[in-house]
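Structures are listed in the sections that come next.
Here chain A shows up in two complexes: once beside chain B, once beside chain C.
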Partner chain A sequence: MQWLVLVLVVVMLTSAVAVLVLKDFLAALAALSVVSLGLSVLFVILRAPDVAMTEAAIGAGLSSLLFALALRRLGLWRNGGRP
Partner chain B sequence: MQRLSSALFLLGLGLLIAAIFRGMEFGTVAPIVGQAINSAAAEQVGAANFVTAVVLGYRGFDTLLELTILFTAATAGGMVLGKRSPTAKRDPDAGFILQAGADLLFPLLVIVGLYIILHGHLTPGGGFQGGVILASAFFVPILARPGTRMSHTAVSTIEGLAGASFIFIGLLAMFGGEAFLTPLMGQGELGALLSAGSLPVLYLAVGLKVGSELAGLLAQLSESEAVD
Partner chain C sequence: MPDTGLLLYGGAFGLILIGIAGIVLSAHLVRIIFAVALLEAGANLLLLLATWHQGAAAPIIVAGRVPDLMADPVPQALVLTAIVIGVGILALALSLALRVQRAYGTLDMHEVRRHMEQDIADEAGIDMPSSSHAPAAVQTARQESGA
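On to the complex of A and B.
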(Lines of atoms letter the chains of each structure in order from A and count residues from 1; the text may use other names and numbers.)
(Lines give C-alpha, C1' and ligand atoms only; values in the text may rest on other atoms or scores of the structure.)
Protein backbone atom coordinates (compact mmCIF):
# COMPACT_ATOMS: atom_id res chain seq x y z
CA MET A 1 0.00 0.00 0.00
CA GLN A 2 2.91 2.31 0.79
CA TRP A 3 4.28 1.72 -2.71
CA LEU A 4 0.96 2.58 -4.34
CA VAL A 5 0.81 5.82 -2.37
CA LEU A 6 4.39 6.68 -3.36
CA VAL A 7 3.71 6.05 -7.05
CA LEU A 8 0.53 8.10 -6.86
CA VAL A 9 2.25 11.01 -5.15
CA VAL A 10 5.07 11.01 -7.73
CA VAL A 11 2.56 10.93 -10.61
CA MET A 12 0.50 13.72 -9.03
CA LEU A 13 3.54 15.92 -8.39
CA THR A 14 4.86 15.35 -11.92
CA SER A 15 1.56 16.26 -13.53
CA ALA A 16 1.15 19.25 -11.19
CA VAL A 17 4.53 20.55 -12.41
CA ALA A 18 3.47 19.74 -15.98
CA VAL A 19 0.42 22.00 -15.54
CA LEU A 20 2.79 24.90 -14.89
CA VAL A 21 5.31 24.06 -17.61
CA LEU A 22 3.10 22.96 -20.56
CA LYS A 23 2.49 25.62 -23.21
CA ASP A 24 -0.66 24.01 -24.61
CA PHE A 25 -3.60 24.91 -22.39
CA LEU A 26 -5.62 21.79 -23.23
CA ALA A 27 -2.66 19.56 -22.35
CA ALA A 28 -2.27 21.44 -19.06
CA LEU A 29 -5.96 20.80 -18.44
CA ALA A 30 -5.50 17.07 -18.96
CA ALA A 31 -2.56 17.10 -16.54
CA LEU A 32 -4.73 18.95 -14.00
CA SER A 33 -7.39 16.26 -14.16
CA VAL A 34 -4.68 13.61 -13.66
CA VAL A 35 -3.86 15.34 -10.36
CA SER A 36 -7.53 15.16 -9.33
CA LEU A 37 -7.80 11.51 -10.36
CA GLY A 38 -4.73 10.57 -8.31
CA LEU A 39 -6.15 12.48 -5.36
CA SER A 40 -9.41 10.54 -5.61
CA VAL A 41 -7.51 7.23 -5.56
CA LEU A 42 -5.68 8.50 -2.46
CA PHE A 43 -9.05 9.19 -0.85
CA VAL A 44 -10.13 5.60 -1.58
CA ILE A 45 -6.94 4.33 0.09
CA LEU A 46 -7.76 6.52 3.09
CA ARG A 47 -11.22 4.87 3.20
CA ALA A 48 -13.19 7.96 2.31
CA PRO A 49 -15.24 6.76 -0.70
CA ASP A 50 -17.66 9.68 -0.44
CA VAL A 51 -14.92 12.24 -0.83
CA ALA A 52 -13.28 10.14 -3.56
CA MET A 53 -16.51 10.15 -5.58
CA THR A 54 -16.85 13.89 -5.17
CA GLU A 55 -13.24 14.44 -6.21
CA ALA A 56 -13.56 12.19 -9.25
CA ALA A 57 -16.86 13.69 -10.38
CA ILE A 58 -16.15 17.35 -9.69
CA GLY A 59 -12.35 17.63 -9.70
CA ALA A 60 -11.54 15.36 -12.61
CA GLY A 61 -14.78 15.57 -14.58
CA LEU A 62 -16.81 18.71 -14.20
CA SER A 63 -14.14 21.28 -13.45
CA SER A 64 -12.00 20.25 -16.43
CA LEU A 65 -15.12 20.48 -18.59
CA LEU A 66 -15.75 23.98 -17.23
CA PHE A 67 -12.12 24.96 -17.84
CA ALA A 68 -12.29 23.60 -21.40
CA LEU A 69 -15.48 25.56 -22.11
CA ALA A 70 -13.91 28.70 -20.64
CA LEU A 71 -10.79 28.21 -22.82
CA ARG A 72 -13.09 27.85 -25.83
CA ARG A 73 -14.92 31.03 -24.87
CA LEU A 74 -11.63 32.93 -24.51
CA GLY A 75 -10.14 31.53 -27.72
CA LEU A 76 -7.16 29.87 -26.04
CA TRP A 77 -7.89 26.25 -26.93
CA ARG A 78 -6.10 26.02 -30.29
CA ASN A 79 -2.65 26.76 -31.71
CA GLY A 80 -0.84 25.82 -28.53
CA GLY A 81 -2.43 28.59 -26.48
CA ARG A 82 -1.50 31.54 -28.71
CA PRO A 83 -4.64 33.61 -29.37
CA MET B 1 11.80 43.24 -4.68
CA GLN B 2 8.66 41.46 -5.80
CA ARG B 3 10.57 38.19 -6.18
CA LEU B 4 12.04 38.59 -2.72
CA SER B 5 8.64 39.15 -1.13
CA SER B 6 7.19 36.19 -3.04
CA ALA B 7 10.04 33.99 -1.82
CA LEU B 8 9.48 35.19 1.77
CA PHE B 9 5.76 34.48 1.44
CA LEU B 10 6.41 30.97 0.09
CA LEU B 11 8.88 30.30 2.90
CA GLY B 12 6.36 31.37 5.52
CA LEU B 13 3.59 29.31 3.92
CA GLY B 14 5.87 26.29 3.77
CA LEU B 15 6.82 26.63 7.41
CA LEU B 16 3.16 26.94 8.39
CA ILE B 17 2.13 23.83 6.43
CA ALA B 18 5.15 21.90 7.75
CA ALA B 19 4.22 22.87 11.31
CA ILE B 20 0.66 21.66 10.75
CA PHE B 21 1.68 18.36 9.15
CA ARG B 22 4.45 17.53 11.61
CA GLY B 23 1.97 16.33 14.17
CA MET B 24 -0.20 14.41 11.70
CA GLU B 25 0.40 10.85 10.57
CA PHE B 26 -0.72 9.73 7.13
CA GLY B 27 -3.81 7.54 7.24
CA THR B 28 -4.59 7.89 10.93
CA VAL B 29 -7.14 10.24 12.37
CA ALA B 30 -7.69 11.64 15.83
CA PRO B 31 -11.18 10.31 16.51
CA ILE B 32 -12.95 12.69 18.87
CA VAL B 33 -16.22 13.68 17.24
CA GLY B 34 -16.08 10.74 14.82
CA GLN B 35 -16.42 8.07 17.49
CA ALA B 36 -19.40 9.81 19.07
CA ILE B 37 -21.13 10.08 15.70
CA ASN B 38 -20.23 6.50 14.74
CA SER B 39 -21.84 5.15 17.88
CA ALA B 40 -24.93 7.36 17.82
CA ALA B 41 -25.79 7.96 14.14
CA ALA B 42 -27.46 4.60 13.45
CA GLU B 43 -29.90 5.12 16.33
CA GLN B 44 -30.45 8.85 16.03
CA VAL B 45 -30.72 9.28 12.26
CA GLY B 46 -31.17 5.75 10.86
CA ALA B 47 -28.99 6.24 7.77
CA ALA B 48 -26.64 3.35 6.95
CA ASN B 49 -24.17 5.82 5.40
CA PHE B 50 -22.97 7.89 8.34
CA VAL B 51 -21.56 10.58 6.06
CA THR B 52 -25.11 11.29 4.93
CA ALA B 53 -26.25 11.31 8.54
CA VAL B 54 -23.71 14.08 9.19
CA VAL B 55 -24.29 16.00 5.95
CA LEU B 56 -28.10 16.09 6.15
CA GLY B 57 -28.93 15.13 9.72
CA TYR B 58 -26.44 16.78 12.04
CA ARG B 59 -25.24 19.48 9.65
CA GLY B 60 -28.22 20.11 7.38
CA PHE B 61 -27.93 23.87 7.67
CA ASP B 62 -24.34 23.74 6.37
CA THR B 63 -25.59 21.83 3.34
CA LEU B 64 -28.15 24.55 2.66
CA LEU B 65 -25.39 27.17 2.75
CA GLU B 66 -23.23 24.97 0.48
CA LEU B 67 -26.07 24.91 -2.04
CA THR B 68 -26.27 28.70 -1.79
CA ILE B 69 -22.53 29.04 -2.46
CA LEU B 70 -22.79 26.71 -5.47
CA PHE B 71 -25.76 28.69 -6.79
CA THR B 72 -23.87 31.97 -6.44
CA ALA B 73 -20.77 30.58 -8.14
CA ALA B 74 -22.77 29.10 -11.03
CA THR B 75 -24.67 32.36 -11.52
CA ALA B 76 -21.49 34.42 -11.50
CA GLY B 77 -19.75 32.05 -13.92
CA GLY B 78 -22.68 32.14 -16.29
CA MET B 79 -22.86 35.94 -16.13
CA VAL B 80 -19.14 36.45 -16.84
CA LEU B 81 -18.59 33.82 -19.52
CA GLY B 82 -21.99 33.09 -21.03
CA LYS B 83 -22.42 36.07 -23.38
CA ARG B 84 -23.36 35.52 -26.99
CA SER B 85 -23.88 37.90 -29.86
CA PRO B 86 -26.91 36.99 -32.01
CA THR B 87 -24.84 36.80 -35.21
CA ALA B 88 -22.22 34.37 -33.88
CA LYS B 89 -22.08 31.10 -35.78
CA ARG B 90 -22.69 27.76 -34.13
CA ASP B 91 -20.30 24.85 -33.98
CA PRO B 92 -21.02 22.06 -36.49
CA ASP B 93 -22.43 18.73 -35.32
CA ALA B 94 -19.95 16.08 -34.25
CA GLY B 95 -19.21 12.99 -36.32
CA PHE B 96 -21.20 9.76 -36.33
CA ILE B 97 -19.12 7.98 -33.68
CA LEU B 98 -19.46 10.77 -31.12
CA GLN B 99 -23.19 11.10 -31.82
CA ALA B 100 -23.85 7.37 -31.44
CA GLY B 101 -21.67 7.29 -28.32
CA ALA B 102 -23.62 10.19 -26.83
CA ASP B 103 -26.93 8.43 -27.52
CA LEU B 104 -25.60 5.32 -25.78
CA LEU B 105 -24.08 7.16 -22.83
CA PHE B 106 -27.02 9.41 -22.02
CA PRO B 107 -29.46 6.82 -20.50
CA LEU B 108 -26.63 5.03 -18.69
CA LEU B 109 -25.41 8.25 -17.07
CA VAL B 110 -28.95 9.24 -16.07
CA ILE B 111 -29.51 5.86 -14.41
CA VAL B 112 -26.15 5.97 -12.58
CA GLY B 113 -26.81 9.52 -11.38
CA LEU B 114 -30.30 8.72 -10.12
CA TYR B 115 -29.03 5.52 -8.45
CA ILE B 116 -26.31 7.42 -6.60
CA ILE B 117 -28.77 10.10 -5.49
CA LEU B 118 -31.50 7.68 -4.34
CA HIS B 119 -29.04 5.40 -2.50
CA GLY B 120 -27.23 8.32 -0.88
CA HIS B 121 -28.35 7.29 2.61
CA LEU B 122 -27.17 3.68 2.12
CA THR B 123 -23.97 3.68 0.04
CA PRO B 124 -21.20 6.23 -0.56
CA GLY B 125 -22.31 9.09 -2.71
CA GLY B 126 -25.38 11.24 -2.58
CA GLY B 127 -26.95 14.37 -3.93
CA PHE B 128 -23.84 16.28 -4.86
CA GLN B 129 -22.04 13.43 -6.64
CA GLY B 130 -25.17 12.12 -8.36
CA GLY B 131 -26.18 15.65 -9.32
CA VAL B 132 -22.85 16.24 -11.04
CA ILE B 133 -23.26 12.96 -12.95
CA LEU B 134 -26.79 14.00 -13.97
CA ALA B 135 -25.46 17.35 -15.17
CA SER B 136 -22.79 15.70 -17.30
CA ALA B 137 -25.42 13.25 -18.62
CA PHE B 138 -27.53 16.12 -19.89
CA PHE B 139 -24.46 17.85 -21.32
CA VAL B 140 -23.34 14.86 -23.43
CA PRO B 141 -26.07 15.31 -26.13
CA ILE B 142 -25.15 19.00 -26.42
CA LEU B 143 -21.51 18.00 -26.91
CA ALA B 144 -22.51 15.75 -29.82
CA ARG B 145 -24.99 18.19 -31.40
CA PRO B 146 -24.10 21.79 -30.49
CA GLY B 147 -27.13 23.09 -32.38
CA THR B 148 -29.65 21.67 -29.90
CA ARG B 149 -30.74 24.06 -27.19
CA MET B 150 -31.39 23.18 -23.56
CA SER B 151 -34.60 24.74 -22.25
CA HIS B 152 -33.37 27.24 -19.70
CA THR B 153 -36.87 27.83 -18.29
CA ALA B 154 -37.25 24.11 -17.52
CA VAL B 155 -33.79 23.97 -15.92
CA SER B 156 -34.38 26.99 -13.72
CA THR B 157 -37.88 25.76 -12.78
CA ILE B 158 -36.49 22.41 -11.61
CA GLU B 159 -33.69 24.18 -9.77
CA GLY B 160 -36.04 26.60 -8.01
CA LEU B 161 -38.53 23.88 -7.05
CA ALA B 162 -35.77 21.63 -5.68
CA GLY B 163 -34.21 24.43 -3.62
CA ALA B 164 -37.60 25.54 -2.32
CA SER B 165 -38.57 22.00 -1.34
CA PHE B 166 -35.30 21.60 0.60
CA ILE B 167 -36.15 24.70 2.66
CA PHE B 168 -39.82 23.63 2.89
CA ILE B 169 -38.89 20.24 4.40
CA GLY B 170 -36.70 22.09 6.89
CA LEU B 171 -39.57 24.39 7.77
CA LEU B 172 -41.96 21.43 8.18
CA ALA B 173 -39.77 20.23 11.05
CA MET B 174 -40.01 23.70 12.59
CA PHE B 175 -43.83 23.60 12.39
CA GLY B 176 -43.65 20.32 14.31
CA GLY B 177 -41.79 22.09 17.10
CA GLU B 178 -38.32 20.75 16.25
CA ALA B 179 -35.23 22.55 15.03
CA PHE B 180 -34.80 23.55 11.37
CA LEU B 181 -34.10 20.51 9.11
CA THR B 182 -34.62 17.89 11.81
CA PRO B 183 -35.17 14.49 10.06
CA LEU B 184 -38.87 13.65 9.89
CA MET B 185 -41.09 10.64 9.15
CA GLY B 186 -39.46 8.08 11.45
CA GLN B 187 -36.31 6.11 10.75
CA GLY B 188 -37.42 2.79 9.38
CA GLU B 189 -35.21 -0.27 9.20
CA LEU B 190 -31.46 0.45 9.01
CA GLY B 191 -30.20 -0.28 5.51
CA ALA B 192 -33.60 -0.45 3.78
CA LEU B 193 -34.22 1.74 0.74
CA LEU B 194 -37.10 3.51 2.47
CA SER B 195 -35.36 4.43 5.69
CA ALA B 196 -33.76 7.39 7.43
CA GLY B 197 -36.96 9.45 7.28
CA SER B 198 -36.77 12.58 5.18
CA LEU B 199 -33.08 12.26 4.33
CA PRO B 200 -33.59 10.58 0.90
CA VAL B 201 -36.11 13.27 -0.04
CA LEU B 202 -33.65 15.97 0.99
CA TYR B 203 -30.89 14.31 -1.03
CA LEU B 204 -33.20 14.05 -4.04
CA ALA B 205 -33.80 17.79 -3.78
CA VAL B 206 -30.05 18.43 -3.46
CA GLY B 207 -29.31 16.20 -6.46
CA LEU B 208 -31.93 17.82 -8.69
CA LYS B 209 -30.77 21.29 -7.69
CA VAL B 210 -27.07 20.61 -8.24
CA GLY B 211 -27.75 18.73 -11.47
CA SER B 212 -30.00 21.34 -13.05
CA GLU B 213 -27.75 24.19 -11.91
CA LEU B 214 -24.56 22.71 -13.35
CA ALA B 215 -26.30 21.46 -16.52
CA GLY B 216 -27.64 24.97 -17.09
CA LEU B 217 -24.19 26.48 -16.52
CA LEU B 218 -22.51 24.02 -18.91
CA ALA B 219 -25.19 24.55 -21.57
CA GLN B 220 -24.89 28.33 -21.26
CA LEU B 221 -21.10 28.17 -21.53
CA SER B 222 -21.25 25.92 -24.58
CA GLU B 223 -23.82 28.20 -26.25
CA SER B 224 -21.51 31.17 -25.83
CA GLU B 225 -19.59 32.17 -28.92
CA ALA B 226 -16.12 30.76 -29.46
CA VAL B 227 -13.24 33.08 -30.23
CA ASP B 228 -11.10 31.63 -33.02
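On to the complex of A and C.
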Protein backbone atom coordinates (compact mmCIF):
# COMPACT_ATOMS: atom_id res chain seq x y z
CA MET A 1 0.00 0.00 0.00
CA GLN A 2 2.80 2.39 0.88
CA TRP A 3 4.56 1.75 -2.40
CA LEU A 4 1.36 2.33 -4.37
CA VAL A 5 0.81 5.63 -2.57
CA LEU A 6 4.44 6.64 -3.14
CA VAL A 7 4.25 5.89 -6.88
CA LEU A 8 0.91 7.70 -7.22
CA VAL A 9 2.11 10.82 -5.38
CA VAL A 10 5.31 10.98 -7.44
CA VAL A 11 3.39 10.56 -10.72
CA MET A 12 0.85 13.20 -9.69
CA LEU A 13 3.45 15.77 -8.67
CA THR A 14 5.54 15.26 -11.82
CA SER A 15 2.54 15.61 -14.10
CA ALA A 16 1.38 18.64 -12.11
CA VAL A 17 4.73 20.27 -12.89
CA ALA A 18 4.36 19.13 -16.52
CA VAL A 19 0.99 20.92 -16.73
CA LEU A 20 2.75 24.22 -16.09
CA VAL A 21 5.91 23.52 -18.12
CA LEU A 22 4.68 21.88 -21.35
CA LYS A 23 4.40 24.24 -24.33
CA ASP A 24 1.64 22.27 -26.06
CA PHE A 25 -1.71 22.94 -24.43
CA LEU A 26 -3.15 19.59 -25.49
CA ALA A 27 -0.25 17.79 -23.76
CA ALA A 28 -0.80 19.93 -20.66
CA LEU A 29 -4.45 18.91 -20.70
CA ALA A 30 -3.45 15.23 -20.85
CA ALA A 31 -1.13 15.75 -17.86
CA LEU A 32 -4.00 17.42 -15.98
CA SER A 33 -6.23 14.40 -16.51
CA VAL A 34 -3.37 12.14 -15.33
CA VAL A 35 -3.41 14.15 -12.07
CA SER A 36 -7.18 13.66 -11.82
CA LEU A 37 -7.00 9.90 -12.39
CA GLY A 38 -4.20 9.50 -9.83
CA LEU A 39 -6.30 11.48 -7.37
CA SER A 40 -9.26 9.16 -7.92
CA VAL A 41 -7.09 6.08 -7.16
CA LEU A 42 -5.88 7.87 -4.00
CA PHE A 43 -9.51 8.42 -3.00
CA VAL A 44 -10.10 4.67 -3.25
CA ILE A 45 -7.11 4.10 -0.94
CA LEU A 46 -8.56 6.72 1.46
CA ARG A 47 -11.79 4.63 1.65
CA ALA A 48 -13.98 7.09 -0.24
CA PRO A 49 -15.29 5.10 -3.21
CA ASP A 50 -18.12 7.48 -4.08
CA VAL A 51 -15.75 10.44 -4.22
CA ALA A 52 -13.39 8.37 -6.38
CA MET A 53 -16.17 7.62 -8.85
CA THR A 54 -17.15 11.27 -9.04
CA GLU A 55 -13.55 12.42 -9.44
CA ALA A 56 -12.92 9.94 -12.26
CA ALA A 57 -16.13 10.79 -14.09
CA ILE A 58 -16.29 14.56 -13.57
CA GLY A 59 -12.73 15.59 -12.77
CA ALA A 60 -11.03 13.50 -15.44
CA GLY A 61 -13.87 13.12 -17.94
CA LEU A 62 -16.13 16.15 -18.02
CA SER A 63 -13.58 18.84 -17.22
CA SER A 64 -11.14 17.44 -19.81
CA LEU A 65 -13.93 17.57 -22.38
CA LEU A 66 -14.67 21.15 -21.31
CA PHE A 67 -11.02 22.15 -21.61
CA ALA A 68 -10.67 20.45 -24.99
CA LEU A 69 -13.69 22.23 -26.44
CA ALA A 70 -12.48 25.55 -25.04
CA LEU A 71 -8.97 25.00 -26.47
CA ARG A 72 -10.46 24.31 -29.89
CA ARG A 73 -12.51 27.50 -29.72
CA LEU A 74 -9.50 29.51 -28.55
CA GLY A 75 -7.44 28.20 -31.48
CA LEU A 76 -4.84 26.50 -29.26
CA TRP A 77 -5.69 22.99 -30.38
CA ARG A 78 -2.72 21.86 -32.46
CA ASN A 79 -0.09 24.53 -32.93
CA GLY A 80 2.35 23.82 -30.13
CA GLY A 81 0.91 26.60 -27.98
CA ARG A 82 2.18 29.35 -30.26
CA PRO A 83 -0.49 31.78 -31.47
CA MET B 1 10.26 4.74 3.97
CA PRO B 2 7.90 7.41 5.31
CA ASP B 3 4.45 6.36 6.44
CA THR B 4 1.38 6.62 4.24
CA GLY B 5 -0.20 9.63 5.96
CA LEU B 6 2.95 11.70 5.57
CA LEU B 7 3.17 10.81 1.88
CA LEU B 8 -0.46 11.78 1.31
CA TYR B 9 -0.06 15.10 3.12
CA GLY B 10 3.06 15.72 1.05
CA GLY B 11 1.11 15.08 -2.14
CA ALA B 12 -1.73 17.39 -1.11
CA PHE B 13 0.54 20.26 -0.09
CA GLY B 14 2.68 19.71 -3.19
CA LEU B 15 -0.36 20.03 -5.45
CA ILE B 16 -1.50 23.18 -3.63
CA LEU B 17 1.98 24.74 -3.88
CA ILE B 18 2.31 23.91 -7.58
CA GLY B 19 -1.16 25.38 -8.20
CA ILE B 20 -0.35 28.64 -6.38
CA ALA B 21 3.00 28.90 -8.19
CA GLY B 22 1.24 28.40 -11.53
CA ILE B 23 -1.35 31.09 -10.77
CA VAL B 24 1.33 33.57 -9.74
CA LEU B 25 4.02 32.84 -12.32
CA SER B 26 2.08 32.06 -15.52
CA ALA B 27 1.50 34.74 -18.12
CA HIS B 28 -0.99 32.84 -20.27
CA LEU B 29 -4.65 32.89 -19.19
CA VAL B 30 -5.36 29.22 -20.06
CA ARG B 31 -2.26 28.17 -18.09
CA ILE B 32 -3.64 30.07 -15.07
CA ILE B 33 -6.93 28.16 -15.37
CA PHE B 34 -4.95 24.87 -15.50
CA ALA B 35 -3.22 25.93 -12.28
CA VAL B 36 -6.60 26.66 -10.66
CA ALA B 37 -7.66 23.08 -11.51
CA LEU B 38 -4.47 21.74 -9.86
CA LEU B 39 -5.15 23.85 -6.76
CA GLU B 40 -8.67 22.45 -6.55
CA ALA B 41 -7.36 18.89 -6.72
CA GLY B 42 -4.88 19.54 -3.88
CA ALA B 43 -7.53 21.22 -1.72
CA ASN B 44 -9.92 18.28 -2.19
CA LEU B 45 -7.23 15.80 -1.20
CA LEU B 46 -6.30 17.84 1.89
CA LEU B 47 -9.96 18.10 2.95
CA LEU B 48 -10.44 14.35 2.66
CA LEU B 49 -7.18 13.65 4.51
CA ALA B 50 -8.23 15.77 7.51
CA THR B 51 -10.33 13.00 9.06
CA TRP B 52 -8.64 9.95 7.60
CA HIS B 53 -7.35 7.11 9.84
CA GLN B 54 -5.03 4.32 8.85
CA GLY B 55 -6.98 1.09 8.53
CA ALA B 56 -10.44 2.65 8.64
CA ALA B 57 -13.27 1.00 6.72
CA ALA B 58 -15.30 2.67 3.99
CA PRO B 59 -18.43 4.38 5.40
CA ILE B 60 -20.83 1.80 4.05
CA ILE B 61 -23.25 -0.01 6.35
CA VAL B 62 -23.64 -3.62 5.18
CA ALA B 63 -26.58 -5.65 6.56
CA GLY B 64 -27.22 -3.15 9.36
CA ARG B 65 -23.77 -3.55 10.93
CA VAL B 66 -21.65 -0.42 11.42
CA PRO B 67 -17.86 -1.05 11.16
CA ASP B 68 -15.79 -0.36 14.28
CA LEU B 69 -13.37 2.15 12.72
CA MET B 70 -15.06 4.01 9.90
CA ALA B 71 -13.89 6.85 7.70
CA ASP B 72 -15.86 10.05 8.37
CA PRO B 73 -18.52 10.46 5.66
CA VAL B 74 -19.08 14.22 6.23
CA PRO B 75 -15.86 15.51 4.56
CA GLN B 76 -16.44 12.96 1.80
CA ALA B 77 -19.82 14.52 1.04
CA LEU B 78 -18.17 17.96 1.17
CA VAL B 79 -15.47 16.90 -1.29
CA LEU B 80 -18.12 15.40 -3.57
CA THR B 81 -19.82 18.80 -3.70
CA ALA B 82 -16.51 20.60 -4.16
CA ILE B 83 -15.59 18.51 -7.21
CA VAL B 84 -18.83 19.40 -8.97
CA ILE B 85 -18.54 23.09 -8.02
CA GLY B 86 -14.96 23.01 -9.33
CA VAL B 87 -16.18 22.03 -12.79
CA GLY B 88 -18.59 24.97 -12.67
CA ILE B 89 -15.74 27.33 -11.75
CA LEU B 90 -13.62 25.99 -14.62
CA ALA B 91 -16.48 26.45 -17.09
CA LEU B 92 -16.99 30.06 -15.95
CA ALA B 93 -13.25 30.81 -16.16
CA LEU B 94 -12.97 29.31 -19.64
CA SER B 95 -15.95 31.30 -20.91
CA LEU B 96 -14.37 34.49 -19.50
CA ALA B 97 -11.13 33.59 -21.29
CA LEU B 98 -13.10 33.21 -24.53
CA ARG B 99 -14.62 36.66 -24.03
CA VAL B 100 -11.19 38.15 -23.32
CA GLN B 101 -9.78 36.67 -26.51
CA ARG B 102 -12.74 37.89 -28.51
CA ALA B 103 -12.39 41.41 -27.10
CA TYR B 104 -8.61 41.88 -27.19
CA GLY B 105 -7.37 39.16 -29.56
CA THR B 106 -4.79 37.84 -27.09
CA LEU B 107 -4.58 35.71 -23.95
CA ASP B 108 -1.24 36.99 -22.65
CA MET B 109 -1.86 38.65 -19.29
CA HIS B 110 0.55 41.55 -19.86
CA GLU B 111 -1.11 42.43 -23.18
CA VAL B 112 -4.58 42.07 -21.64
CA ARG B 113 -3.65 44.35 -18.74
CA ARG B 114 -2.27 46.99 -21.13
CA HIS B 115 -5.46 46.90 -23.20
CA MET B 116 -7.63 47.15 -20.09
CA GLU B 117 -5.71 50.13 -18.71
CA GLN B 118 -6.00 51.81 -22.11
CA ASP B 119 -9.76 51.16 -22.11
CA ILE B 120 -10.17 52.57 -18.61
CA ALA B 121 -8.12 55.66 -19.48
CA ASP B 122 -10.12 56.22 -22.66
CA GLU B 123 -13.38 55.84 -20.78
CA ALA B 124 -12.30 58.38 -18.14
CA GLY B 125 -10.88 60.76 -20.75
CA ILE B 126 -7.39 60.91 -19.22
CA ASP B 127 -3.91 59.93 -20.38
CA MET B 128 -2.57 56.42 -19.79
CA PRO B 129 -1.31 56.09 -16.24
CA SER B 130 2.47 55.97 -16.47
CA SER B 131 4.22 52.96 -14.98
CA SER B 132 7.80 51.92 -14.39
CA HIS B 133 8.04 50.62 -17.96
CA ALA B 134 7.27 53.70 -20.01
CA PRO B 135 8.35 57.07 -18.69
CA ALA B 136 11.86 57.83 -19.92
CA ALA B 137 11.20 61.57 -19.62
CA VAL B 138 9.95 61.20 -16.07
CA GLN B 139 12.98 59.16 -15.07
CA THR B 140 15.44 61.66 -16.50
CA ALA B 141 13.58 64.50 -14.76
CA ARG B 142 13.70 62.57 -11.49
CA GLN B 143 17.43 61.99 -11.84
CA GLU B 144 18.09 65.65 -12.56
CA SER B 145 16.06 66.91 -9.61
CA GLY B 146 16.96 64.23 -7.05
CA ALA B 147 20.55 62.99 -7.40
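Note that in this section the second predicted complex is superposed on the first by the 83 of 83 C-alpha atoms of A that agree within 3 Å, B and C clash if a C-alpha of one lies under 4 Å from a C-alpha of the other, contacts with A are read in each partner's own complex, and residues count from 1 in each chain.
Everything below uses one rule, namely that contacts are C-beta pairs under 8 Å (C-beta built on N, C-alpha and C of every residue); 3 or more make two chains touch, one makes a residue touch a chain.
Just so it is clear, the structure is predicted and the values come from calculations on it, not from any experiment.
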- [ ] Have a look at where A:7 lands relative to chain B and chain C in the superposition and call it first, second, both or neither.
- [x] neither
Open item on the list: Applying the document's definition of touching, compare chain B and chain C: which contacts more of chain A?
Closed with: C
- [ ] State whether A:46 touches chain B only (first), chain C only (second), both chains, or neither.
- [x] both
TODO: Based on the superposed arrangement, let me know which partner A:54 touches: chain B (first), chain C (second), both, or neither?
DONE: both
Task: chain B versus chain C as contact partner of A:73, first or second or both or neither - done: both
TODO: Examine A:62 and indicate which partner it touches, taking first as chain B and second as chain C; both and neither are also allowed.
DONE: both
Task: Set intersection of chain A contacts, chain C complex versus chain B complex - done: 5, 46, 49-50, 54, 58, 62, 66, 70, 73-74, 83
Open item on the list: Touching residues of chain A toward chain B in the complex: what are they?
Closed with: 5, 45-46, 49-50, 52-54, 57-58, 61-62, 65-66, 69-70, 72-75, 78, 83
- [ ] Write out the stretch or stretches of chain A touching chain C in their complex.
- [x] 1-2, 5-6, 8-9, 12-13, 16-17, 19-20, 25, 28-29, 32, 35-36, 39, 42-43, 46-51, 54-55, 58-59, 62-63, 66-67, 70-71, 73-74, 76, 83
Task: Complex interface listing, chain B residues touching chain A - done: 26-27, 49, 51, 77, 81, 116, 124-126, 128-129, 132-133, 135-136, 139, 214, 217-218, 221-222, 224-228
Open item on the list: Per the contact definition, I'd like the list of chain C residues that touch chain A in the complex.
Closed with: 1, 3-4, 7-8, 10-11, 14-15, 18-19, 21-22, 25-26, 30-31, 34-35, 37-38, 41, 44-45, 48-49, 52, 56-60, 71, 76, 79-80, 83-84, 86-87, 90-91, 94-95, 97-98, 101, 106-107
